[in-house]
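So the structure is just underneath, and the comments pick up after that.
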Amino acid sequence: MTAITQIRRNDQPIYLDYQATTPMDPRVLEVMMPYFTHKFGNPGSRSHAYGWEAEEAVEKARGQIAKLIGADEKEVIYTSGATESNNLAIRGVAEFYKDRKNHIITTVTEHKCVLDTCRHLEQQGFEVTYLPVQQNGLLDLDVLRAAITDKTVLVSVMAVNNEIGVIQPLAEIGKICRERKVFFHTDAAQAAGKIPLDVEAMNIDLMSISGHKIYGPKGIGALYVRRKPRVRLVAMIYGGGQERGFRSGTLPTPLCVGLGEACEIAMKEMGTEAKHLAKLQERMLKGLRAKLTDIVVNGDLEQRIPGNLNISFAYVEGESLMMGIKNLSVSSGSACTSASLEPSYVLRALGVEEEMAHTSLRIGLGRFTTEHEVDTAVDELVRHVTKLRAMSPLWEMAQEGIDLKSIEWAAH
Amino acid sequence: MAAFAYLDHNATSPLRPVAFESMVEVLRAGGNPSSVHTAGRKARAAVETARRQVAALVGALPAEVVFTSGGTEANNLALSGAGRRRVLVSAVEHDSVLRAAPAAEIIGVDGNGVVDLAALERALASSADEPALVSVMLANNETGVLQPIADVVRLARDAGALVHCDTVQAAGKVPVEVHGLGVDYLSLSAHKLGGPTGVGALIVRTGAPFATDRRGGGQESNRRAGTENVAGIAGFGAAAQEAAKGLDLADWRDRLEFSLVQIAPRARVFGAGAIRLGNTSCVAMPGVPAETQVMAFDLAGVCISAGAACSSGKVQRSAVLAAMGVPADEAATAIRISLGWNTEPADIERLITAWRDLYIRVTQSDISRAEAA
Amino acid sequence: MAYSEKLIDHYENPRNIGSLDKNAEDVGTGLVGAPACGDVMKLQIKVGPDGLIEDAKFKTFGCGSAIASSSLVTEWVKGKTIDEAETIKNTDIARHLALPPVKIHCSVLAEDAIKAAIADYRAKAQKEEPKEAAE
């Protein structure tokens, strides 16, 4: 891929945090550029050529987004990002239908913006069921079936988890929801452009999309809202009535165009990219396993996007490992909570014990990752894990055959 | 000469080159500002630099700046975030204020579009036991008329009310100082001052109550969740720094209005009796529908608008002019001309020429029709 | 989060990593923290016949600040009497390494570790004494 040199200079760390954000594809940036400069019109201006030009561009992009998920362009509305899309979908549906139904179902491993929105709705008097996931991170469909009641208005299950990359059985969930006449929302921020999505085949009623997770710009996202059968929402942002009244505010033309182009590229290249990433994922895992024992991949390895690995390096604390691998940009969990010291709630939901959760790293591979970068990353990881294990009292005890669980640890 | 004379800056202003440059740099660098690694820290640094620049534009503390997706979101966030059930707004507020608070009590304006302070005082006094939120814009988007915010704040404070001020159109055109004005919440939009679309800010005064409406990853100190639009924010910062130098367009605008009225003696300039932004002119060519004017100007290579841009296309009567007591038939002939940072004298000449050509054409046809009759 | 140069130096070039014979009479071992909390420190001191700490070793499972705190403490205690070593305060460690506020608990743990090692040494020594008296 020729674009690599444009993405990373040699003196920069290797970027392996593609679930936090992706670099923009230079091709996306290129199509955005004119809309920053000479094609700067407000798509809401109907009185002159600048406005028409902007409107045309925004509508073309809307079509590109719709196509990626098998939707009609009329069903796509622009937002400022997946966080807003998730807030709008869940709150919008809950509030619109609250006189008839007041129960929402979601899972414990959702993104924080979904969980926070649900908690807020609970305070408003809605009932929310947070379904557990299995040890592999996947939702048990029988558990879902059992949770749906006459009062259930919405099921919100993410398509791909941001920390462990597992893919939820969307088509099966959609089928259950449709049968039970419950709306199905999926947060597809990590899934769109990575795995095939089809709102018709999967019976998805609402879908959140993010620009900056698919090599597009930050500050833009989309929400798919089904028209047949129609899903109705209470808007969150009121004003000029843009986006069919669902979401007011001047549309940022260059960002819309960028999201559209990112979707178009993803659609064209998804197949080859997935193969490329699967190879890299395997290469990384093989490389690590060849030289390190006691490493565990968290989350299902099969039902997973190839661009993600979440690994516990037993007996090595994750933060100290991150501090060592200075040449690698990885994370110990979701970016939102990077600065906090709490172990990941997603890993805990999988039943990963806290001591193992403390040893986990999220490694995100993406479009611009090369084999050479993977090899360098493996070397760095092996070197530092080995070094840190040599200074880990837990590793020492384990080597001596002491069962760490038999020790009474002094809590502090 | 440029292909078009763009005189619709109140709809959106072209991106300033400095903003474009800072955005391209950030777009190439990438990174999520919440990540702790190198790429993340660089993105964070870009956001924080911009925060200082935006804060400086309005005399706020950097910690008081909450970045949003634009002015509309900032206004919505202020109205819900203040947590006051009773809301008082002026009749000429932007739709993003009026629709975000559909139950708000409307305070009227005078013939020049200036808020009726006596009415505001009465409304505030009418239920002193329930402290309100007052939302009054600094400058109107259609007429450019400035509101007496200091007086609004004084009355509000006496009644224990909070004040939100929409300065989307004012910032960068007149000096705005959040603590000088004494308001609790202040909205900004980047693309109205030469920054990019898709980004804005709400200034929340230190100590003002604020409960967010946007939940998620805890960004913006838990006041507005969502991964930051880093490039947009960087562009906003650079544009804000540049816009802080101010725009001195009043002389050109006055000359423009003088010429228009000279050509069409019955033309009326709305809000002319009030203090206005120096860049905005809302003017009616008697007897000619605004849509006809807009089309004629467009053919002559001049971009103006018939009202607020928003989701227009719908031709409806301006609520702002209606509130000022302008008769419907006259309001239907009003156009908005708005100058900006890259306006040149040639653009204004072009507009005047187009206005003259159109006026002559319609008056002659009027005369010919009258003769035929 | 920006770390001080001293902290990074101790993290990258930790002093006195290793283990002493925990069953030796002149070795005191402190093991504090818990894996579930993300920090475990093992700190050992070897006390010479003159009552001075002649060697100190550590192993730590924890973040960079925890590693640096324990490394620093092993440097500090060497050559001190156990009474002197006991006066080391977590605030001294935190100040020396310029620990960020969220990492202060690492210095607390290091102080606990040295205290635990000293207590272990003293407990062993007390058991010794009656034996000697009997002889």
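By letter and in written order, the chains are A, B and C; residue numbering begins at 1 in each of them.
The rule we apply is simple: a residue touches a chain if its C-beta (ideal position, glycine included) is under 8 Å from a C-beta of that chain, and two chains touch if they have at least 3 such contacts.
As the structure is a computational prediction, the values presented were derived from the model and not from experiment.
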Most remote chain w.r.t. Chain A, using mean C-alpha positions, is C
The chain whose mean C-alpha position lies nearest the overall protein Cα centroid is chain A
Averaging C-alpha coordinates per chain, one finds the centres of chain A and chain B separated by a number of Å equal to 35
So, in whole Å, the Cα centroid of chain A is separated from that of chain C by 43
Cα centre of chain B to Cα centre of chain C, whole Å, reads 63
Residue numbers in chain B touching two or more further chains are 36
Two or more other chains are touched by the chain A residues 339
Multi-chain contacts in chain C, i.e. residues touching at least two other chains, fall at 1
The chain C residues in contact with chain A across the complex are 1, 3, 11, 14, 17, 19, 31-42, 58-64, 66-67, 102, 105, 108-109, 112
Touching chain A in the complex, chain B uses residues 4, 6, 8, 11-12, 14-15, 20, 23-24, 27-28, 30-32, 34-40, 68-73, 75-76, 94-97, 99-100, 102, 189, 191, 196-199, 213-219, 225-232, 294-295, 297-298, 303-306, 308-313
So, in the complex, the side of chain A touching chain C is made of residues 315-317, 319-320, 323-324, 339, 341, 343, 353-355, 358, 390-396, 404, 409-412
Per the touch rule above, chain A residues touching chain B in the complex are 6-7, 12-13, 15, 17, 20-24, 29, 36-38, 40-42, 44-51, 79-84, 86-87, 111-113, 116-117, 119-120, 210, 212, 217-220, 236-242, 248-255, 322, 328-331, 334-339
